[in-house]
Structures are given as C-alpha cells and as structure tokens.
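Shared chain: subunit A. Partners: subunit B in the first complex, subunit C in the second.
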Partner chain A sequence: MTTEVDHPSARSDRLPQGVGDLTTPWKAFVLGALVVLGFGVFAYIWELSQGMVVTGMRNVGSMGGASWGLYITMVVYFIGVSFAGMTVAALIRLFNLNDLKPIARFAEVLTVVALLLGALAIIVDLGQPLRGIINLFRYARPQSPFFGTFSLVIAGYLFASLVFLYLSGRRDAAVMARYPSRLQWFHRLWAAGYSHTPEEQARHRRTTFWLALAIIPLLIIAHSTLGFVFGLQVGRPGWYGTLQAPAFVVLAGVSGLGNIIVLAAIVRWAVGAGDRIEMKVFSWLGRFLMILLFVYLYFMTVELLTLLYATPEVEKQLSDALLGGRYAWLYWGSVALLVISAVLLVWQVLQGRWRMSWLVAIGIAVNLAAIGKRYLIVVPSQTHGTLLPYETGSYSPSWVEYSVVLGLFALGALLVGLFFKAFPALPLSEEEVMSDV
Partner chain B sequence: MSRKAITLLMILGGLAFMIIGYFSSAPWGAESVRNSNPRFDFAPALFVLGVIIAFSSAVVYELLPTREEDDGAGE
Partner chain C sequence: MTRYAMVVDLDRCQGCRACMEACKIENNTTESMFWMYVFRFEEGSFPDTKMSFLPRPCQHCHNAPCVKVCPTGSRFKREDGIVLTDSDRCIGCRYCELACPYGVNYFNWQKPEKAYYSGEGGIDWADPDLEGVTGGAVPAYKNPELDKLWGTEKRRTAGGGHAKGVMEKCTFCVQRVEQSLLPACVDTCPVTALRFGDVDDAETPISRFIREKDPWHLLEEAGTEPNVFYVGGKPPSHAYKEVERPKARAAT
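Showing the complex of A and B:
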C-alpha cells in the first residue's frame, strides 16, 4: 500500500536534522571522545592485567579501605540518570503531554545509554568480570536486592527501554528510508515495513500506552531495589534506613532531569530547533526539577536530623566525618549546589521568565551534586564507623579509576553523538511526515 | 493464530518463565543453608528470559503482518 510515508517522489541528498552530515565540529567531537575512551580502555586493560590492586579500593576494616568506591558510585549515578529519561518518555505518552513530545526521543536514548554505562560500571568493578556475569545468572538469589537491581534494571528495564525506543522510532525511520542515503538500509531495517496506515497508528498508540504503563512501576521497583542494596544492610551505619529507597528514586529523577535539560539545550543548538524545543519545554522541565529538588532536600534534612538526634556512637563517627571531617567539603559542596539550584529555579518561577544559561548551569550543578551525594552514600559508611573494632579507614580513587570513569562518560557521549548522526534527535513533525522530500 | 492471541501467549509465557525462574532461584522452604542454591543452574536466567519474552510481545504485536482475520478482530 502506497501512503504518504513511502511517497514515490521522495528524493533528496540531505537528511533532516543533520542526520548523516559529518561536519568538522562533529568529527572533532568524535575524535576527542575516542581519545578519552581509548585512555579509559587502556586503564581498564591495566586493571585487568595487574589486578584490582591498581585501584584505590581495599578491604573494609582489615585493610582500612573501601571495597566499593568510585565505580559503584558511578553505577548508582548512571542508573539514576536513566530513571528520568524513560519516566519522562512514559509520562509524555500516558498523559499526552504534547509540549514535551520533542524531547521524548533523546530522553529515551539517554535512558538506554545511561543503563549501558551503569552495566559497564558494574563490570569494571569486578576483578573477574566473566565469572561475575556467569555466576549472576547461575546463582543469583531473588531475596537479595542485587537480584532486583541486576535482573530488573539491567535485563528488564534496559530491554523494555530498547523496545520503547525502537517502536516509537519506526514512523520516523519509515520517513527517513524515503531518502536515498548511505543510511537508507538502517532506516529501512528499523522501519520494518511501517507505512503509517491508520491501523498501524492505532496499534502503535495502544502498544506504547501499555508499554508506558508497564514500564513506570518497573522503574520505581528497579530504582527502589537499588536503594535497598544499601538501605537493608543493618551492619553498616549510614546505610540502614527507610528513606534510602525513596531518596534514591528522587535523586535519580533530579540527576536525570538535569541531564535532559543539558541535552535538550545541546540538541536545540546543534539542530537549530529553537522552534521545536521551545522555552515552555524548559519551563516544564525546570518546574519538575524544582519539585523533585525540594522533595530531596526535605529527605536530606529529615535524614540529617535523625542522624544528629541521640546518635549511637558509630553513627556519630560517620556524621562527624560527613559534617565536619574528611568528607565535609564534598557534603557541604553537594548541599550548596542543590540549594543554589533550587533557589535559582524558584527565582525563575517567581519571575515567570526562564533563562537557558541558568537552566543548563543548574542541570550541570545538580549532576555534580548527585555524583557527590552518591559517593557520600557509598564510601564513608565503609571507612568510618564500622561496627567491628577497626581503625578509621580511607579511600582515594586511583588514576585507573578516574580514567575508566572518564572513558565511560566519553563512551556515553560518543554513543549519543553517533546515534543522532544516524537518526533524528527530535521526532519528525506531522508536516515532515506528510510532505514530499 | 491472530495477532492478539500470539501477543497474549507471549505475555503469559513470559510471566510463567518469571514465576518459575523466581521460585526456582529462591528455594522457599529450604531448611539448610546447603540447600539455599537455586534448584537448578541458571534458574535466575529463566526469570530474565521471562522479562525479555514479555516485553518482546510489544514488538511482535506491532510487527506481525496483518491478516484478514486480524482485521475482523477489532484491530
């Protein structure tokens, strides 16, 4: 059946939104990312060949260190970032939030990439990665929150996100396949015969609705179980607590929304899509971020007050280290970034005027704060206030860990950059779908 | 078999795999720590497979070519 999507008159060498157009700045970006990634791969090969001793991680207690360090911090951070992307995409579909539709695709891509990076961050943390992966599928215990984290997050959530991204992109893939280009085979493969008939549209609406409905509880469960990895450990002061799971979900939303804002600004600039990603999109994201920030600040205050009120000795050691000791600069630095971001958001709401530069700065600030807060959740409870009579420990990431983590960021940037050179960053408008090329 | 029937079958099959995988990985009622391993190797993988099958049903639902009997089934 010939429809508007596979219009026979479709002919053009230029694909929409700069797809397939390998500009000099883009090549420079890819080269830079490859260099950083290459160094990260080198550092990881060094770690594999020399053993985990080249990292800053040591056994808790007997070796006075931390066995979960920067890598686990980044696992929690990356999986957190993935939360907001798919949540926003699912909410857009469920509630037909038309204003936000232009950001749906890169929100989905952000989720997929962040989950891949989270999975890789787990693998680099393992001295014997292959053994770890095999044994996970062989012996994992569903009673453990790790099971929920790995089976639901990595398998279920990543797969569900890929399905959502794939199905929601079929219409645009069919449009892109009309253009003669080197990527035509890829777009045809993705479209898989889609021709935009009313039946297909209705079927697609139904599928994405049910998918979105299934994904949202999966998201909450997956991120809560990640919080339970820490929150259920009675023997580790600072971790055991009811607020861990909800606080994980909320901070995940904060860091993810910050990332979406930054990515939206980059796409808006790179594609020249000021008319598609209007300021009201940023206003939505800014308000949403502000609410989550206040919820998180509330959780943080409640946690702090509980920690300071009639604290047991081991908890006091930990709170001293956080509030006035070794980790104080990171704790207060993260708090300051979160508070300043919240104040700037409130200011813009009260003014009724949103500034792009402020929002991007806030997006970056809340992500730096999120990494800081994740680090403070993971590390201090291992180095300070152990229940056994060990001396206070310490942990500093080595150059290997920093390089591998930078390599992961470069890989993420590269994946996003490559994807948007092969596929439109913004969903094509109805006019683009219907028009001749 | 119609599109809806295949999709439903995949969802139910996925759920069945998840349930079997879950209870085989978590041996409820085991009285000794020695019996706390999954009842068979790679039982947790069965759970993951169930999740993947259930979500794959969405792709099958959209991609399966339309047949005349599907049209009559209120698609």
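Showing the complex of A and C:
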C-alpha cells in the first residue's frame, strides 16, 4: 500500500510484460480487429432485421438446402478449441509440470474466449435469439443433446474455467496491484485482499488442484455431448455412430493445441519472452499434438472403412459426395493437412529438433483442417443422402455468414489482446515479483 | 384414450396434389412451405417407366425424434398422438428439423408477411387494384382459428406464418380436429386416398380399414413408430427419381 509514496515517480510503462503500455502496433491491431468486428455486427443486425433468409441456409428435404451451416460448424469448432486450453492448464496443475507453467495463463484465457465465441455462434444461429437466451434455461430439457452443448458447456464449463483463471491469477494480481497505474483498480479487484502468505498459498494450491481434477471429466462430458448432438441422430446419414463423441473430443484437442502453439509463438514474440517460453515447451506441445493427431487419424480411418465396407444406399450417396463428389476437395484437403502435419511432427521428434516456423504452420494447418472436418460433419449429411428420395440439395454460406464468423474471430483476438494489456500474459517470474516491491 | 392416425392409400392416390393446396389454404403456410408434400416419382428408364405418388404429411411419430431433441419443449406430443410446435416458445435452433428423417419441418426464414408469393414473378401485394380487394392484408385471408389456443395445454400450436425465426410443420389440422372436423387434406382428397380417425378404438372405420389391409410405415427402420399408415403401393426406394417438383427454394 505504501508503494505509491515510496515511488512517486513510478509510471505505468514500468509494469512488467508490457501491461498497460499502449504501443502503436497494439493500437493498430485493436483498430483492425474493431473494424472487422464492426462489419460482423453490421451483418448480424442485417440478419436480425431481415430474418435468416439472408444466410445461405434453407430447409432440408423439399426445399433442397441445409438448415445448419457455417454457424454450427463454428460452434463446434470454437467449443473444440476451448477444450485444449483448459486441459493443458489442468494437466499442468495436476502433475506440477513446472516447465510448462508459463503457458498456463494464456491457455486458460484461450479456453474462456473460445467458449464465449462458441456461445455467441449459437446465439447468431438462432431464429429467435432473445427468446433462446431465456428459454434455453427456463424450459431446459436435459434429454436434448443441445442441453449439454448450451447449458452444460456454457454455464458449467465456462464458469469453472473462469474460476480457475481467477484463482490461478490472484498471486500475480496482488503483485501487479502494488504498482501504481491506471489499471491498479483492476488488479486490486482481482487480488481481492490476497497477499501471498503461506496459508493463502497452501489454500490456493489445494483449491486449484481439486478444481483441475473436477474440470477434466467435466470437459470430456461437455465435448462428448457436443458429439452426441450428431451421434445420436438416425435421421441423417453419417451422423449416427458411437465414434462421434470420442472423435469430437480428440479433434477438439488437436485444434486447441494448434491454437495454443500459435498463441504461444505470438506471446513469445510480443512480450519478448524467448527465454521464458523455452523450446521444450513447444516440444511438449508438439508431442501432445502428434499423439492426438494419430488417434484422430486412426478414428478417421476406422470410420471411413466402416462407411465403405457395409454401406446402405443413403450412406453411399453421402460417402460418394464426400470422397469423390461435391465435397471431395474439402475432404481430401483436410485429410492432407492433417497427414502432412502429423508427418512433420514425427520428423521433428525423430530429428530431436523443433522449428518454430514449422510448428506455427502446423498449428494453423490443423485448425484449418479442423474447421473443414467440422463443416463436413454438419453440412453434407443434410444435402446428400436424405432418407426419403428428395433431390440432392446444396448449401453455400452467404456474405452475412462469412462476415459474422470473421467478426467472431476478430472479437476473440480483441479480447485476448485487451486482456494481455491489462494482465501479464505469463505468470510473473520470481525476479518480476521481487523487483520494485 | 384417443389416438389419432392417418392412413394414406397409395393404390388410390393419383398425385393431383389437391391436399397440398388445401393445406396451404387452411393453414396459411408461406411460399415453399409444404406441410403436406406429394412426391411424384418416376421409376425405370424410357420406355419402361412407371409413375407413382407418395403423400408425405408429418408422420406424428409415437417415438418422435424431433420431440426428443427439442431443447425447450416447444415441440411436444399430445396424449392423442398429435405432435405440435409451440410457436411462442420455439427459439429457432432447427434441431428438430435435422432429427426428423422425413424432412417435414419448415422454418420461417423471414417475416411471414414477406413470404407470401411476393418474390420474383410473384404477387405484388401493393398493387392498388389488389389492395382494393385485400385491404392491404397479407395474405389476403388469414384463417382466424389459427391464432387460438388449442387443447388442454392451451398453447399456440395451430397454423402457419406466426413469426419469423420459428419452426412449423403439419399439425394434423389441430384446429379442425378439436372441432370434430377432418384435417383439410383428408377432407379435400377427391379419391379418398387419405383417411383420418381414432385408431385406439377398434370399431372406428379407420381401425377396421387398417385391420383389413396390410399397412406399412415410411422408414420403418428409423424406429420412429409413425401414426401415419400407408397401404398399397410400396416404400419408396432410391431408384426412384423425383419429377415435377413444386417450386420450393424460398425467395432470397
């Protein structure tokens, strides 16, 4: 409390890790994100006023469209991304992976932001969004797989993640609150009286341990219910299957780890923390990603063989469209990205050398592939192989859908950017804690 | 306990689509929305071709997948077997539509008033001559029964075009059934290919009819246990080619 008196000359630019330091590149980034977000908001207002007729979606069957499109694809993708962040953070806490501690903070932030985006992507997909926010809770039916996606994922899992982020950040908040700055109120609010005494430390360690232990099954359940949204339905070809739920969880891990790698590289560069996030962190993330990729490729092969070997008529129409028809470019493109990423990861493991540029490229590639695979789960089962012999349908997203989705990405980037200007991206090191105190 | 069911006699159906028209008029459904839909199929290749027809209302399944997936209970099944949508509660997530193997659900993609055949080459509702007759109402006649609350549950379940962003489908004309009338499609059919009644009572004409014939269900393998029975003809196969489709892609 006496720091302000002791250091009357202290200025906000002395906060560690560039917190509160509004540099020109950062301002440009925020401005860019705001422009994209603004256009997304405009597109959504257009959709609200005109109805969803401005999207590319139409009714399945006699209208020959797809009723779920890019929005639901992004719901599945965003919620998938959130999976890895919290999993990595919980694993770090549970197994005391000290080398990885620097990435825990933004892994948690990634989870929270991705979940928010997933929730928003559900809202923009609803025909009656305001009614949705109320009725999904007021008349909630746990029998519906949608309940797991919305009420459980958004309410339970988002809340648990926020609590975890809050608790694991309190020490740093308390340290930050000693610095006089425009953000001091925020850090004080976060610290909420915490002063890092041994008793407080012990209590926090205990709480975060049990929370981490509870969060992992919650994550598996939440992501499985997302798979159940599709995997329990016999009404559409290619959806019904026991492999949907586990495959969802694994692909969620793949896309999320890809995101963490990219974000870690960005933070490393932006904060200038090359010495803090060592290559062995990337090596750990790369190995984890490689294992999940192989599990996913195995699932995909099993699914493909099952589809090809004993195919009822409607499933055949679907597999034809996927493997050699309208969606073939997307299917084989996604598979190629996944396989190439896996090969490059194996190569680096064998070499024992990790290249930053390769890892970032792999991180982006697996995310593109994940979006592609999500799209292929959602859309083709509606346009091809309807159980009654309707004509083949078609769907392509409209400019409104593209703009809203880009707006969501911009919002996510903005939230991450803002957060790391208000709070250190990496847990404060011992030197940072000791200096200036 | 009453259990309503419909029987579609494919030996009688001539594919005239009068039922589709009657449904549209009774329920004020908007453009491209066909609660009752009649497939016209062609089988084989010229000159060995055969035509067949298949009316497809909502199957009002006993084990309805749409009811199971609805996150808000807006889609529900009444005790008498009619599956309905509460248009005041529906949030427009369209999950019911994707759970349904029959493709009977239709979403209001835009304000219903904008979707009454006013697209390209359609009706100009603002035309002064037309307005003189309609008094500016779109559609020109709206069935007043549709806005009422029906059944013991007293929810707004009948009729089309209630609001943008909610789901709709065949209601077995609940507003007519509640007044002891037949559904509009059944009432209209010129060749009695459609029958409707209570199958819980073994002595009703429809029960006796089902007993005499050898009825089957659409997509029996989906396990939905429909309350729409088919007699005569045969289940559609993917060797069928649909011909003479009604214009169905809603105006953009």
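Throughout what follows, the second predicted complex is superposed on the first by the 422 of 437 C-alpha atoms of A that agree within 3 Å, B and C clash if a C-alpha of one lies under 4 Å from a C-alpha of the other, contacts with A are read in each partner's own complex, and residues count from 1 in each chain.
Criterion: a residue touches a chain if its C-beta (ideal position, glycine included) is under 8 Å from a C-beta of that chain, and two chains touch if they have at least 3 such contacts.
Since the structure is predicted, the reported quantities are computational estimates derived from the model, not experimental observations.
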item: Contacts of A:L152 with subunit B and subunit C, given as first, second, both or neither; value: first
item: Subunit B versus subunit C as contact partner of A:W399, first or second or both or neither; value: neither
item: Broader residue contact with subunit A after superposition on the shared chain, subunit B or subunit C; value: C
item: Partner chain in contact with A:W185 - subunit B first, subunit C second, else both or neither; value: neither
item: First, second, both or neither for A:T386, with subunit B first and subunit C second; value: second
item: First (subunit B), second (subunit C), both or neither touched by A:W210; value: first
item: Touching partner for A:V53 - first (subunit B), second (subunit C), both, neither; value: second
item: Which superposed partner A:Q317 touches (first subunit B, second subunit C, both, neither); value: second
item: Partner chain(s) touched by A:Y298 [first = subunit B, second = subunit C, both, neither]; value: neither
item: Which of subunit B and subunit C A:Y139 touches, first, second, both or neither; value: both
item: Overlap of the subunit B and subunit C footprints on subunit A, listed as residue numbers; value: 136, 138-141, 143, 147
item: Residue numbers on subunit A that touch subunit C, as the complex places them; value: 50-54, 57-65, 67-68, 122, 125-129, 131-132, 135-136, 138-141, 143-147, 150, 229, 233-236, 313-314, 317, 382, 386-391
item: Residue numbers on subunit C that touch subunit A, as the complex places them; value: 32, 34, 37, 39, 41, 56, 65, 68-74, 89-95, 97-111, 114, 163-167, 218-219, 222-223, 236-238, 240-242, 245-246, 248-252
item: Touching residues (chain side subunit B, partner subunit A) in the complex; value: 22, 25-26, 36-38, 41-42, 44-45, 47-48, 51-52, 55-56, 58-59, 61-63, 65-66, 71, 75
item: Residues of subunit A defined as touching subunit B within the complex; value: 136-143, 147, 151-152, 155-156, 159-160, 163, 166-167, 170, 192-193, 199-200, 202-204, 207, 210-211, 214
